[in-house]
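The following pair of complexes shares a single chain, chain A, combined with chain B in the former and chain C in the latter.
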Partner chain A sequence: MDDYVVSILSNIGMISFLALSAYLLLLTGEISFGQQAFFAISAYLSGIATAMWGWPLWSGLLLGALAAAAAATVIGVLTLRLRGLYFSIATLAFAEMVRLLFVIFHYQVVIDGEPVGPDGAEGFRDIRWVFENNISVTEYMVIIYTVLVIVLTLFFLLERSRLGSIFRMLGEDTLLTEMQGLNVIRFKVLASGIAGFIAGIGGGFYAHFATYLEPQNFSVMLGVHALVYGLIGGLGTALGPLIGVGLDIGFLEAIRAIQGYRMIVFGGLVAVLLIFMPRGILDEERIHWFRLTWRRWRDAKR
Partner chain B sequence: MTDFIQNCIDGVMIGSGYALLAIGFTIIFGVLRRVNLSYGPSIMLGAFVGTLLYVQFQAHAVVVAMATVVGAVLAGMYVERVCFWAIRRGAAVASMVSSFAIWMQLEELAIVMLPERTYPFPPLTETAPIEIGPFFLRSEHLTMFVVAVVLVAVVHTVLYRTRFGLSVRAVSENLLAARFMGINVDAVMFWAFALVSAIGGVAGFLILATDQQVTPYFGLWATFKGLIAMMLGGMGSLPGAILGGLILGIVEVQSLWYLGNDYKDLSAYFLLFLVLIIRPGGILGHALSERERAAFRRV
Partner chain C sequence: MLSVEGLSHHFDGVEALVDLNLQVAKGDVVGLIGPNGSGKTTLFNVITGIYKPAGGRIRFHDRQISGLKPHEIITLGIARTFQNLRIYKRMTVSDNVWVAQHSLPDVSLKELFFARPDKEREHREEVERLLELVFLAERRDTLAQNLTLQDQRRLELARALARSPELLLLDEPAGGMTPAETEKMAALIRDVAVPGHTCIIIEHKMDMIASLCSRICVLNFGRKIAEGRPDDVLKHPQVLEAYLGHEGMVHA
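What follows is the complex of A and B.
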């Protein structure tokens, strides 16, 4: 594969983490405009860990993701009382605060005579762990997708578990969930923390893929895109957000021929799609239908 | 102290523009119970039509203003048909996503129309600032403020003194009941959208005439400034939207003056976050939490 295709595929993989993060919150009925904040926190922190403290990639990624999860847990607690648009705007405000804090965040050390580290609006250059350890772009892509498959598998297990049902129940009706004797607060905060962790994994990968971070990368546009992926792909399965990402990045690259007009075409297509499938491509009903058909086919064969 | 008062004056003037944007969001949200992310971008598209006339034919500021408003209204009507009318009720999230997709479309349309990053926008007046004692008043700001006050009065009159306004309020109050009263809900939504887009067009023109330049980013800027101002004051309340806009303006100018440019947006977002956490309904919103309301509905 040439480097161009590899970089597009890596991008799809990394943004998928962010989309899955927004998807998890969508399952619990919350629309977050702010998942890019956790992506950013982890990107910066894991970059600092590998480029400035000399940590290996794995521990850097883990540190970033854990910090993102911690931040998301705190935000989860703070926004517990908020519902609907209020929640969305509160997460948006938080994410923009994080982005603007990175604009004024300076922390540099001198390594080999060169200052390294986040330099406010100038960005954070030379996160070169991947390059220095002779990992090719293709190998890095394989690493990203391995982790993505692990996360997806966990998602599928989650959907079949009691916890998954509780998350979906929260999305349907908080009051009824509470009447089942479940601790709504605990599960909401848990969902927020897990979502932060997943976004964090993507952020760590992004930092080492791009090697250069600037606060503007993590604007609200990124978050809204991540959110929209799940809603276009459908909320019936964790594959939904991936379909959304693939459609957006992959399809847009594929129609490069009509450069200059492709957002007009794509935006229109998405709008039409939503008229006919307001709950996304793979919504709950369609997934249910697939399952039934599969079972019938299997039983018939037997 | 003089600085502080001067900043407050500037903040109120700038905030009046935000207040207009917030009123647009509040009315749409009241009538449709859905968020229109494309509100800012449709204003931006209108402004680009105006700019096109200005750049190509050196059109007068008044012509540009009219083109901006007409463009914004047409774009708004398009958004209403595609994202709100075509997607049935109950799919509020789909409407929001759809309005985001249309946003991307409008932004690219603007770029196709005028491919450079930044374009000049005609100033409304070229007169020197007015001096009152130790204070200065920029004439653009004063125009913005006066027009905003007039527009708010007009909106208030339309909403509370006309039959159309009555039906708008009826639809916001209770859609089903409004339909039983024989109100053509679809038409009310459509024309409310047009009205709101016109307000947005005027607000957009005034803000851009003050800045004297326009970029495609204006869409994003206007959408989120309007949303923030609305949420600060409290969703679905006209006085709340105005108060939210003014507070946002004052906070921005004060923090710009005392803390520097890096802190301008930061303090605005910080304030918003704080208000939402401490008083989830916004400053003038009702504090009844969602759970209690759901409980009441069930009872």
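What follows is the complex of A and C.
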């Protein structure tokens, strides 16, 4: 595979984590414009762990994702009592705050006579674990997709579990769910924490793929994209956000002919889809239809 | 079982409930009637903790529940339906009942992630039984949003029953129904909701209330204006005035 294709595919894989993260919150009925903050927190922290503290990649990733989950839990406790639009604005404000904190964040050590570490607006260079360990870009892509498949499998299991149905209950009607005797805030905070963890995995991969981070990478546009992926791909299944990512990065960004117009085409696509399919391509109704058809087909075969 | 003592509530200075007293004993079927805006649904919302009362208190089995969080109150054994009909529209009919079952307090943290197959089977059987009761078994795999209003109200009833509540609060269970549908709903409530449950029913349809309830409580502007057996209460002059207006009463 040529490097361009590999980098596009790797991008799809890494952004998929962020899209799944935003999707999980969409399931519980919350629109977060701030998932890129957890992506960023993990990117920086896992980069610090491998490049400055000499940790192996997997433990750096885990640390980053756990820190992102912790941050998301705290933010969840603070903001999830807000309703609807107020929550969305709070997440947006938080994410910008995190980004600006990285602009003034300096933490460097000298390794082999060179300073290494986040240097504010100058960014964080030389997160070289992947190169130092002779992992090719193709191998790295395989690692990303292996973890993505694991996360996706867990996600499907989650959706089938009670917890998953509680998340969907919250997304449909919070008051009614409270009237089923559930502590809704606690479950929303839990969803936020899990979503933070998933975004964190993507962020860790991103840091070691890009080898260079700067605060500008984690602007609001990243979060808006993550959110829209679920909305266009569909809220009926965890495959929805992945379809969204594939459509945007795989299709629009990869086709060089329309590269300059990507955002225009993408914006138009979103507008059209949201008018005709307000809950995305694979929405609950279509997924329900697939399920019924599959069951009928299976029963007929017996 | 339920004891409402001196309960008051107001919205921005508008008195919604004024010094309300109501005693409900185990097995009672109480009808709650009154003109629109008289505070009936507000009373349900205060009982279930959605609103915190401004004054007075509510006890359920000698335990004070006013001031508790909604989910804590519900968990004590209260279930309700809604005047403006709340169901999980994007879930199937059977899932609507199933989710009410599996959020019962005896479900452990571990079971949030890993269902126990034996319990699961038990729950699904119970769901099936409830759907049979409310004549929705044939529609178990339909998305709830595609049901008729009548069926959606039945689904709400099944969902409330799924929690095996001691106290059942039904808020206009025949709201928006034709007379024929109302009669069916009344029969359904008599057959499946009244046996084994203590009920408070809000309804405007007097025939239905009179046939189901052993006692009626009438609210007007947040105050109780009459309480007693249906025959007596429905002839009460203040009740007639509240419903028909002063002139209406003269003609009646």
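Note that the second predicted complex is superposed on the first by the 290 of 302 C-alpha atoms of A that agree within 3 Å, B and C clash if a C-alpha of one lies under 4 Å from a C-alpha of the other, contacts with A are read in each partner's own complex, and residues count from 1 in each chain.
By our rule, a contact is a pair of C-beta atoms (placed from the backbone, for glycine too) under 8 Å apart; a residue touches a chain by one contact, two chains touch by 3 or more.
Computed from a prediction, not measured in an experiment: that's the story for all the values here.
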Exercise. Looking at the overlay, what does A:Tyr261 touch: chain B (first), chain C (second), both, or neither?
Worked result: first
For this session: Between chain B and chain C, point out the one touching more chain A residues.
Result: B
Exercise. Regarding the shared-chain residue A:Glu285, is it in contact with chain B (first), chain C (second), both, or neither?
Worked result: second
For this session: Applying the touch criterion given at the start, work out whether A:Arg168 contacts chain B, chain C, both or neither, answering first, second, both or neither.
Result: second
For this session: Check the residue A:Ile31 against both partner chains and state whether it touches chain B (first), chain C (second), both, or neither.
Result: first
Exercise. Now for A:Ile89: first (chain B), second (chain C), both, or neither, which partner does it touch?
Worked result: first
Exercise. When the two structures are overlaid on chain A, which partner does A:Ile275 contact: first (chain B), second (chain C), both, or neither?
Worked result: first
For this session: Classify the contacts of A:Gly181 with the two partner chains as first (chain B alone), second (chain C alone), both, or neither.
Result: second
Exercise. For A:Arg296, is the partner it touches chain B (first), chain C (second), both, or none of the two (neither)?
Worked result: neither
For this session: Tell me which partner A:Arg81 touches in the superposition: chain B (first), chain C (second), both or neither.
Result: first
Exercise. What part of chain A is shared between its chain B contacts and its chain C contacts?
Worked result: 175
Problem set entry | Residues of chain A touching chain B in the complex | 31, 78-79, 81-86, 89-90, 92-94, 96-97, 100-101, 103-104, 174-175, 220-221, 224, 228, 231-232, 260-264, 266-268, 270-271, 274-275, 278-279
Problem set entry | Touch list for chain B against partner chain A, complex | 29, 35, 37, 82-83, 86-88, 91, 93-94, 96-98, 100-105, 107-109, 111-112, 220, 224, 227-228, 231, 235, 262-263, 265-266, 269-270, 272-273, 276-277, 280-281, 289-291, 294-295, 298
For this session: Over in the complex, which chain A residues touch chain C? Could you list them?
Result: 158, 161-163, 165-166, 168-169, 172-173, 175-184, 284-285, 288, 292
Seminar exercise, completed: The answer for chain C against chain A in the complex is residues 48, 50, 69-71, 74-75, 79-80, 82, 86-92, 95, 98-100, 102-105, 107, 111-115, 141, 143, 163
